[in-house]
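Here chain A shows up in two complexes: once beside chain B, once beside chain C.
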Partner chain A sequence: MWRYLGERDLSNAWSAGKVKERIVQFKKWVMGLSVRTITRPKAFQKPGHLCLHLLQMAFLQMCNLPVRVVCRANAEYMSPSGKVPFIHVGNQVVSELGPIVQFVKAKGHSLSDGLDEVQKAEMKAYMELVNNMLLTAELYLQWCDDVTVEEITHPRYGSPYPWPLNRILAYQKQWEIRRKMKAIGWAGKSLEQVLEDVDQCCQALSQRLGTQPYFFNKQPTELDALVFGHLFTILTTQLTTDELSEKVKNYGNLTAFCRRIEQQYFEGHDKDNSGTAAPRSAKRSLLR
Partner chain B sequence: MAAPMELSCWGGDWGLPSLHPESLTVMAYAKFSGAPLTVNTINNSWRTPKGDIPVLISEDIVISQPAKILNFLRKQKYNADYELSAKQGADTLAYIALLEEKLLPALLHTFWVEAENYCSVTKPWFASRIPFPLSLYLPGKMSREALNRILLTKGGPPLYSLSEVEAQIYRDAKECLNLLSKRLGTSQFFFGNTPTTLDAFVFGFLAPVYKVCFPRVQLQEHLKQLPNLCRFCDDILTCYFRLTISGHSPSGQDTADANLQKLTQLVNKESNLIEKMDDNLRKSPQHPPRKLTTLKLAAGGEESPLNRLSP
Partner chain C sequence: MGTQSLEPLPMSGPDFGALGEEAELVEVEPETKQEILENKDVVVQHVHFDGLGRTKDDIIMYEISDVFKAKNLIDVMRKSHEAREKLLRLGIFRQVEVLIDTCQGDDALPNGLDVTFEVTELRRLTGSYNTMVGNNEGSMVLGLKFPNLFGRAEKVTFQFSYGTKETSYGLSFFKPQPGNFERNFSVNLYKVTGQFPWSSLRETDRGISTELNFPIWKTNHTLKWEGVWRELGCLARTASFSVREESGHSLKSSLSHAMVIDSRNSTILPKRGALLKINQELAGYTGGDMRFLKEDFEFQLNKQLLWDLVFSASLWGGMLVPIGDKPSSIADRFYLGGPTSVRGFSMYSIGPQNEGDYLGGDAYWAGGLHLYTPLPFRPGRGGFGDLFRTHFFLNAGNLCNLNYGGGPRAHLQKLAEYIRWSYGAGIVLRLGNIARLELNYCFPMGVQSGDRICDGVQFGAGIRFL
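Up next is the complex of A and B:
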């Protein structure tokens, strides 16, 4: 029990607090495959959900698979690796982007079939770049920057629990993340250096994207889903300062990319949806 | 033109200028860009100002991580990426991230965590270069740091035991090597015919795996099945790192002078022998003087006897 509580390290990005549960229901079943994405309810959203949630949703919708989002309070305990969101298909449960991609590929859907070997190598390299730089920068900002920690992260992380558990778990998590930062050499970095790294990463992504609609020309791939998940979260989350989102906004083609994917894969499905109550407009206006 | 720059790093063996991947990266970049670095091999990490290795010291500036050192060299106009396009620069960053995420854990594991390798090769090697009593403590500390790093970055659920983590990191490393091999293809360097930052990083990470002789070598065996990567490492070693017998990488001009001196000595010895033979021949009356065209004389001073003899 304590192990599960301690290993819930989902804080890859932070939730805006305005995340709505959208139940997206499709009428058709594609190849007998019905996928349920399970995540935590809005009230208990830990920092770190939105990014992964979006990522998975983007990926699954790019594959044209019908997806239903379901919220459960005990989502982390249901997940095989302790991480949410995860997908539940038939009698199988798969979590984390890598295994999900492989699982979907095994079922016959793959976004990167059209790429040759060199392009696949490039795609994997860029995915590692995003994980290495953007993810670590998000973690740093969330847990190692004192202002953000006090005002946003601790309250949010401890919100489902009564006192003193909320403080204990938050400090435990913070200690764990700081240990990791020290091991990879980010502990000595100042906030400016971290922002500079994010800038470098965005510059690399922007140069790679150029004027194309997706990273590998006409078709979206896993890399597009990954980049969208991270950038969209950075752009739409309110923090104590706007510096991080400003860094991303400097690159016009990246913001256009996010908007395009949002319009194509998320808004179109909203129109089919009769049951959604969540205001999409709030989010739309944030993504300027 | 620029202030003299000094690099402190761990020494080398098995044909490499250094065993430490980051030090090797910086040395390779310096060779590619033509930066005049004097290399000091240090024997314990506490002598460097902050404890990190490699460290570049230029006048009063001390810079410690490879990325920062490379940035500094670029600002001093030693830029190996001058001809790269913006997209290729972006690719460089991406591939370096791939190396650090996928290959570095397995490299650290092979050197510092794998019990047989650590006890029979790594620890004695480092201990022999570190003065007592630090030799008892430092290798252990480096091993613990490596294990820590591997577990903190790769060891979360669903991998719960060290053997599962090991299996995963070696799988990742082999996949990374395959990807690098596909990207390199048949060209000499990653971006055409001139080496760049990416080549320095790849060389820095691959060369220790390739050259160091360990008892447990699954990564090295996998690397040897990728001939273009092996050829890449060998090419860089022969073209840019011609080592003297002591195993330290020389700084350009001194080697040339030393080699020239040795050559001149050899030539002088040979020409002395030839002179003696020549005298013997001239003294013996039965043999008329002959054209000694078969004799090769390098220095100019020996030409006059030859001119006398040949018509």
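Up next is the complex of A and C:
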């Protein structure tokens, strides 16, 4: 699988070229599937993109599938549905977690085979909760909070493009997200209310997780990948305020969960990968 | 001497013939004493203008200054006619009539003449509806025009065009130099969307361009700066990955120069003359993220052989060199094939492709040899039949990419191998002075794997044919 990532250094982002390959070798690839995941370079990513990328990575790694990551500034437009990241397997292009899970299932890999019907329904419910709450909260914070928008989001989003295109595209995206927020009724919410919602969501997740290593049984499922992706991003992305990550840090078992998954699925592979030319500065870790 | 009045003659295209031959005297009053008018010396004393409204004086003065230099009557008539043509060319008058009369008044000389131009200015706002034919596409064009905006032949046009392949709208401002209409300057703002099914590509361009035209001796030059925000997308979900990779936004800011020398007697189906067009474009040094140097040329030579046979040879070529390490974009590359290019192949369906989507190439050449004859047995001679021609052709061309790491010698070699060519015959119909329709029977040869052919009957409509 190919995935598109990028460099962290914003100031060099423009001149350093936008395509960076980072071959993440995995243990052994099971099926002869050569899959590419494509996302926007990390430096140009808003946290929303990064989290989706991570959760996808987590999912694919949990399935033991080899992934190759490629960065493109135009990943958003390459995707058939407009969402990053997406995977490119042979002749097919699949975007968004749901379809990717289905696709991988059709090829014979699934993480939720061991669950019964009740558990599957519960898993779907929690996934919906995370999507509705955490994802929307992340979008709100990036695009509707004026300070963050001005200082972080606009420069990041527009950095692959020359002036005046960087401003035009950033504003275009902002209007689009704000329209969406208005449609789902979040436009009227204040930052405190959004943080409250995040807190409630984390509480629900924390309660479900309890002291178990994963949400269901001892094996990871799609829900684990989803939660990991979102929480890890919230914990490691630098924004203007730390309030969001503080909310998550309040729940010890969630941070421990993230650390555990990072260690198991990402650390080990980066060690294998120490010979690559890609800068290590692009890697973030909870373990610092 | 009676009053001579020149009937307004129709606007002539290049087909019309030299001016002097066509100017006709409409009526001559019989003189009791026969005087040979050509030899009579005259002096133009006054030139009057009737009907000027918002048009400024200085721009008119330039156009009619020659009339004062006329020495005899025929000269006066000829120069007045030329001045009339020049005034009409400005695009600010609907009608211009010329009246030549003897001078009356206190300061009148015995051989003095007065020339009066009776003009009707165009309204401040005009609308138009046209249909347009491009290369294998047609469109409906609605226009709004503000002619002669500030009195010196400036023009603001707004145009909306809806066609089979593209939709576009644009606003443009045009200003000629007073006294030198061929030197002009224009600024355009436009948004064009196009669909290219041969590449499964959809393109939306929003841009601004400024252009300066000027003639130097027999050539016409155009200097242009253009800034375009280009958005590429896939036309269908089944688009190939190479086209998907090109999707997204980019900004192109380029300077270009074009030179045209045209000595043909007509743009469509010329009988004699040659055309040479050379165009170069440098993108990237004035902003934007596309960086390349693009050159292309077009050459055509026509010669009339015995009877009504016309032999025509044409050669096109071009090269796109990306500067820096970014590869060229699919929207800048050259395409080959189709009823207006190498006949016998489907539209733009020659060369590098991926899963059926044609990606274009960085370098190409194409050549054609044609023989045009009138229709056999010449039906409708002198009328409708003159618009048709039969034509026998031989076309050849090649298209390739330059990014495989070879030098110029390797490029030439690559362009010389695997040449696609075709031959055939057909009928050509001329549409006014702008477009032509062709119906040909083609035999494509040298077909490489991946090319799509259209052997047998092929129909084409357009303005620029190989």
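The rule is simple: the second predicted complex is superposed on the first by the 233 of 288 C-alpha atoms of A that agree within 3 Å, B and C clash if a C-alpha of one lies under 4 Å from a C-alpha of the other, contacts with A are read in each partner's own complex, and residues count from 1 in each chain.
By definition in this document, contacts are C-beta pairs under 8 Å (C-beta built on N, C-alpha and C of every residue); 3 or more make two chains touch, one makes a residue touch a chain.
Note that the structure is a prediction, hence the values are computed from the model and not measured.
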Practice problem: Applying the touch criterion given at the start, work out whether A:Leu169 contacts chain B, chain C, both or neither, answering first, second, both or neither. | Solution: second
Practice problem: Using the touch definition from the top, say if A:Ser159 reaches chain B (first), chain C (second), both or neither. | Solution: neither
Quiz item: After superposition on the shared chain, which partner residues are touched by A:Gly210: those of chain B (first), chain C (second), both, or neither?
Solution: first
Quiz item: Is A:Asn131 in contact with chain B, with chain C, with both, or with neither (first, second, both, neither)?
Solution: first
Exercise. Mind working out whether A:Gln219 is in touch with chain B, chain C, both or neither, as first, second, both or neither?
Key: neither
Exercise. For A:Cys201, select first, second, both or neither according to whether it touches chain B, chain C, the two together, or no partner.
Key: first
Quiz item: So, A:Glu117: does it touch chain B (first), chain C (second), both, or neither?
Solution: first
Practice problem: Report for A:Gln264: first if it touches chain B alone, second if chain C alone, otherwise both or neither. | Solution: neither
Quiz item: Which chain A residues are contacted by chain C in one complex and by chain B in the other?
Solution: 80
Quiz item: In their complex, what parts of chain B are in touch with chain A?
Solution: 65, 86-87, 89-91, 93-95, 97-98, 100-102, 145, 148-149, 152-153, 156-158, 179-180, 182-183, 185
Self-check item: Complex contacts: residues of chain A adjacent to chain C
Solution: 17, 72-74, 76-78, 80, 88, 91, 93, 161-165, 168-169
Quiz prompt | chain A residues within the chain B interface of the complex | solution = 7, 9, 80-83, 117-118, 120-122, 124-126, 128-129, 131-133, 179-180, 183-185, 200-201, 203-205, 207-208, 210
Exercise. Quick one: which bits of chain C touch chain A in the complex? Just the residue numbers, please.
Key: 229, 232-234, 237, 241, 244-245, 247-251, 287-289, 325, 355
